[in-house]
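Consider the two complexes below, in which subunit A is the common component and subunit B and subunit C are the respective partners.
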Partner chain A sequence: MTESTAPRRILAGPFNRVEGDLEIRLDIEGDAVRAAYVNSPLFRGFERILEGKDPRDALTIVPRICGICSVSQSVAAARALGAAAGISPPINGERVTSLLHAVENMADHLTHFYLFFMADFARQAYSGWAWHGEISRLFQAKTGVAVRQAVDARAQLLTIMGLLAGKWPHTLSIQPGGVTKAPDARDRVRCLAIMRAFRHWLEANLVGASLESFIALNSREALEAWSRGHIGLFLRISEDLDLGRLGPGAPRFMSYGAYEVAGTHLFKAGLNFDGMPGILDTRRIVEDLSHSWMLGETSHPFDGSTIPDEAMRDEAYSWCKAPRYDGRTVEVGAFARQLIDGHPLAPALLHDGCANVRARVVGRALELALSVVACEGWIKDIEVASDFISPAQIPDFAQVTGLCEAARGSLGHWLTIRDGRIAGYQIVAPTTWNFSPRDGQGVPGALEAALVGARVTDGEQTPLSVQHIVRSFDPCMVCTVH
Partner chain B sequence: MAQLETFYDVMRRQGISRRSFLKFCSLTATALGLGPLYTARIAHAMETKPRTPVIWLHGLECTCCSESFIRSAHPLVKDVVLSMISLDYDDTLMAAAGHQAEAALEDTIEKYKGQYILAVEGNPPLNEDGMFCIIGGKPFVEQLKHAAQNAKAIISWGSCASHGCVQAARPNPTRAVPVHKVITDKPIIKVPGCPPIAEVMTGVITYMLTFDRLPELDRTGRPKMFYSQRIHDKCYRRPHFDAGQFVEHFDDEGARRGYCLYKMGCKGPTTYNACSTVQWNEGTSFPIKAGHGCIGCSEEGFWDKGSWYARLTDIHAFGVEANADKIGGTVAGAIGATVAVHAAISALKRAQTKSASKSVQKMDTH
Partner chain C sequence: MRKKTVLWLQSGGCGGCTMSLLCAQTPNLFSVLDDFGLEMLWHPSLSEESSDEVIGLLEDICAGRRKLDILCFEGSVMRGPNNTGRFHMLAGTGRPMIDWLRDLAPLAEHVVAVGTCAAFGGITSAGANITDACGLQYEGYQPGGALGDAFRAGAGLPVINVAGCPTHPNWVLETFMMLADESLRAEDLDPLRRPRFYADHLVHHGCSRNEYYEFKASAMHLSELGCMMENLGCVGTQAHGDCNTRAWNGEGSCTRGGYPCINCTAPEFEEPNRVFTQTPKIGNIPIGLPTDMPKAWFIALASLSKAATPRRLRVNATSHRLIEAPSVKDSPLK
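Take a look at the complex of A and B:
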């Protein structure tokens, strides 16, 4: 046991079953993590590539930041360009955009639960638990019964992308003025049928009951009594392993607001700092570069730049910048959205004011259910004979923001146009917030904070508790640094 | 050299019935454009030949190729192909993590020296000694070279691995290069597209696994079976092109009627891919069908050829009723001219951008 009592340092990773590459340095003392340093080891330089280009070309370039959240990137770019042109899409364009965006986000939530997250409970280390056999049968990486079914359900759901967006990933039909595809009555019926089939799949597998009854859960007790479906199985594990206390992030949450139709968001925009709701003001956002291999001062994204530090100086340890709101770290994602939108279950899942592994996973399941109901509504409301796109004239000079909520949280594009060309383009992605390195004050990012105190057993190279916490955020590393 | 089981053994072990196996063989024959006689040949090959191991590596990328791949239209094809390739190494989907995963990769390389196919998604960045893409503490370019050394052949998935793609766009901050710039002594099959169509990916890999040889390639290294026709050749909006009926704005009457998108910057006439035949997302659609022109994502350099939305107005002269022959001839000339003009602009711009970025921070070092 001498090994575990002396302070030691391990390099956990590379992580699989996360989107992109990730490495975490862990300082361990006794049987727990004392400090964590998160490194995003992949940099491509999209913000530099965008400079000097025709602003409209952002619509083709930014989706390619990420093969998983490409629609979110398209939506943020289209919003920024729409703001520059001073237009917003006709209501039916907004309905289709919201539908496309929600379908991608739902596909991501499904992938996270079935392909990335649950497989960890099928590990040998858990073989002593009563649920291990069932979990292995269902969730074993790649071969689990539920894994295979979820991959099929997901592919079926994404045919909506084919019908309304031509192609996914890297859809082109989302434009500043709306969408290029005007669906006809047949498309609408097919979309509704696909969404109904997806609802049935979720009801039969994920929640084991009607989506409405899951949405109606409003207290911790009611949730803990829920034993049906795969989510019931997760809740049982959650109780056995105390996942409701594992991985507390920052007690501050943010949402830019998701799915805007006719001036209203389905999940509203806002803040929740230490239990207090607040109003979002993006002017209070800065990116701190003190611990990232980037050159420049701490600045608002409109004044920011992306100049990699070729010397890779010693104080820094990640390509990721450190975004802060009012100088503070925040956590973003499905749970943050539900908390800010006021779903009664969300505050009941907090532990000491913080989100945790259980809260993040339940937040996604809740959002899946809510989104299906919303999508059915948008599809039914689509008026086939109306306009889906308005003309957009991009001016030669503009400074604008494009905001949206990706599956993993708040995504913002800050665009400056000068002489008809892109003069500045800064992107702050959800995982940039959650997986940020330390700032100038030495304050760790949300994940870095969440890992402190995680249990490490003897000889573990990539501790299981660390893996649960990391995957509970559903990181998208390719978006993080871009 | 380790003795390997056959594909058939693998599939049976994964719970795929003989009936499904035979169905898979006939689907494969169809997908590859082979006659019904080939069903038996494919079945025979899979029952008798030892399976080919596959190692799937990820470099600088966005994972869109994997995303596309796991959505192949036919669940059976996807199951079979996944069970064929999942046995060895793929870090996005596999169960192991961290050093275990690294060890699994080493094991596979060691055990199947000279026998395995290396599938590469993404590409290696060379600036700063490759430190913009670090895997397991080492630059990806080293992992790539290491794994390539003992590979039988390499598949370059997608435009990143095949050509460079948008991350290699000016000023190419990380100096991202396609796989064939780094690996020069192995046969490389390029499957470009951003991402490639799922059925094209499964088709290529199934062909290689079943027949144990490379598909026939064109002079740029792409499999002819999927990349020998232009989007334009089989585009369902082609009659509108021939009739001179064009969309002028995304919100005009022509857009609503599904006219040709050439004037909106569509690159269908110069892009070789299977989008207009195989189509996307379970064969439902492709970008032109959703009202947006093709951006030519499977063509080399598509990312640096000027704005995708620049309007092409050089064919205004067509009369709506002009006959197809006349248009065909004129258009060939017009496209030629467009490409030449683009090329000239690109060369100039490249020189400009290069010197500009050098003076700012000397990032583009090639």
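Take a look at the complex of A and C:
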């Protein structure tokens, strides 16, 4: 056995260009990863902070779980409190809530592609490829032309938050009964102008054509023939590096449904297990604590607790709990949403029934395009003379759930109110699903499974294949453990 | 001229101050770095370097092989459990972040606490604070924190507290600009060591609801147009920040967005001992009075202005949109 093929162990971290801190232990044998152990190394304890508080205070506290999924956290809390009060927002309140939420999710998808993900292809290790010069010019970390333009486009898009939600992140405008600012005629047309400018930016840069023509892609062949825009560059790299097979996750997908207006989600809720569509039932969700530094039993979030194991016992290796649906791991995110919603391109991107690096990246680009079209519709439909918020009276006792889809996937809040105070607040975030540690059966989480078999080149300290796979999930570590 | 170096670390926070920083416009973050001679050695969201490449950089700084001018720290410092700091071990290093902080901070010319978590403990230290989170040099209002009250960075200043939850992007960038051209002095920091250029303003200054405030025409519920001080917990008349004169994400601010100022630039804002969106009162008088205002005068003026509230303001204050517009005069204004 040569030195390069002797089994070895790598501790990868700090893993940057993800939100928050991340460490991955890799067991490597020969030229591939044999096993991966994902550690979320930061514990803050938001669920404990919330206990004992007035339920209304959740709306101030939960957005601060995460600076990148802040509105998603607000939406989940507002839904839970709305369920407790037995109300939902008037339709125009739903339109504005959906708009605010979609703007955050679009900003996150943009940040992922331009700042977090593409920079890795500008690394020196790829200097032999024909595309390396162009990719470096566009995507080199900090200096790339496209990186810098994307930051400006993102800032402009987020001025919608300034107009309608006061600021971003950490707005208090999203409430159980709707939103705290009734837009006037002028807000409406300005939002339309900002959204149209964002459309132009995406069309000129990301897809190099009309958003509608990208949305219309419906087969693997049509996608592979797409050479325009930055996504075309990515697809070329994807072909050269075989990213359509890299990082297969679990062949099971979940979505809680995104952007609800008048009882209908823009991207529908549901499951897709081994190619079979299924109906979501959140009673089948549990969190397993066997390999996390948490004390307690496997339980449904309504019965769950968050008691950190201060001894940090040896059998465990992460602060992250291990959520399971029907005892199984699932993958969540933009790709899962598009698969479950039925976009024809999504199933064409599966490889052996699993998502992969290419599928996840294309899923986000597709969703960016679809979301712009939806936002333009919501803005146009805003009726400025109507109601945007209904009064909410939070009862002294309730046990309720608040679900939504963050950029990175399914986010759920499970809230118990007793004697007018928060008696229990359990949060299961998208990356909690994707980056969970092993469960009591020893079954690895979605990312842990996706990393098995990743190729390792001689002398690589943090294998590039591993970096692509990890970042393809767009992990948010601060949400993961919270 | 040698570029000044910046290292940015994140710990017990949400990353929102970085996300907010990326919202800076004219100039944006990159322009400020380029044009003020600043080199970002490493930032977790922006840099190419991962894992061993980062650890090598940290070791170089610790060994004096690399000069560190500005250390930015975002998020609370995690001291728990039991003072080990193990609630945040910096990934890949097997060392608590608090140990890295204590090694790096004395080597920097300036240390900047970015956000209220890093400055004072912030939201992460709320409730029972089971993680024993604190700020770099404060624990709430109590001086000390992770580095101790006596700490001074290389250039002689204590930790600069760019507090806010999140920070306005330009609070961070203007601090950078002043550090880059060496114009930020000790007297430019307020008693809580926040840069005076934004902390010497009150959120009330420039509040678009000020006519309602003047006449004590109050909103009863969120989203109504009136002043939010009397009923909805707004402390903009006491909170330090220029949020309503420089605006957020283009044209926004909390009060313009229809919800109260919660004093997020201050220590212990996270535990107001009341509901965030409800004003505590004794009788009909809010407990928290506008900064520097004598209580007797406030009560006298408030009752007088309430009696004098024009109908237009009274009607609009409890409405979600303008019901009655200001009247238009039929002769030139005098």
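In the analysis below, the second predicted complex is superposed on the first by the 481 of 482 C-alpha atoms of A that agree within 3 Å, B and C clash if a C-alpha of one lies under 4 Å from a C-alpha of the other, contacts with A are read in each partner's own complex, and residues count from 1 in each chain.
Keep in mind that, in the parts below, a residue touches a chain if its C-beta (ideal position, glycine included) is under 8 Å from a C-beta of that chain, and two chains touch if they have at least 3 such contacts.
Nothing here was measured: the structure is a model prediction, and the numbers come from that model.
Look at subunit A after the overlay: subunit B and subunit C clash there.
Of the two partner chains placed by superposition, only subunit C is touched by A:22; subunit B is not. Look at A:390: by the touch rule set out above, it reaches subunit B but stays clear of subunit C.
When the two complexes are overlaid on their common chain A, residue A:292 makes contact with neither subunit B nor subunit C. With both structures placed on the common chain, the touch criterion links A:184 to subunit C but leaves subunit B unconnected.
According to the touch criterion, the shared surface of subunit A, contacted by subunit B in one complex and subunit C in the other, consists of residues 11-17, 19-21, 23, 41-45, 48-49, 52-54, 56-57, 59-61, 64-68, 70, 115, 119, 122, 140-143, 148, 151-152, 154-156, 158-159, 161-173, 175, 178-182, 308, 310, 312, 387, 389, 391, 461-462, 467, 478.
Interface residues of subunit A, counted against subunit C in their complex, comprise 11-17, 19-23, 39, 41-45, 48-54, 56-57, 59-61, 64-68, 70, 111, 115-116, 119-120, 122-123, 140-143, 148, 151-152, 154-156, 158-159, 161-173, 175, 178-182, 184, 308, 310, 312, 384-385, 387-389, 391, 461-462, 467, 478. Per the touch definition, subunit B reaches subunit A in the complex via residues 14, 58, 60-68, 70-73, 75, 78-79, 82, 86, 91-102, 125, 128, 131-137, 165-167, 169-174, 176, 194-195, 249-251, 255-256, 275, 279-292, 295, 297, 303, 306-310, 353, 361, 363.
On the subunit C side of its complex with subunit A, the touching residues are 10-20, 22-25, 28-30, 40, 42, 44-55, 76, 78, 80-82, 86-94, 123-124, 126-128, 130-131, 133, 165-166, 221-223, 247-260, 262, 264, 270, 275-277, 320-322. Contacts from subunit A toward subunit B in the complex involve residues 11-17, 19-21, 23, 41-46, 48-49, 52-54, 56-57, 59-61, 64-68, 70, 115, 119, 122, 140-143, 148, 151-152, 154-156, 158-159, 161-173, 175, 177-182, 307-308, 310, 312, 319, 387, 389-391, 461-462, 467, 478.
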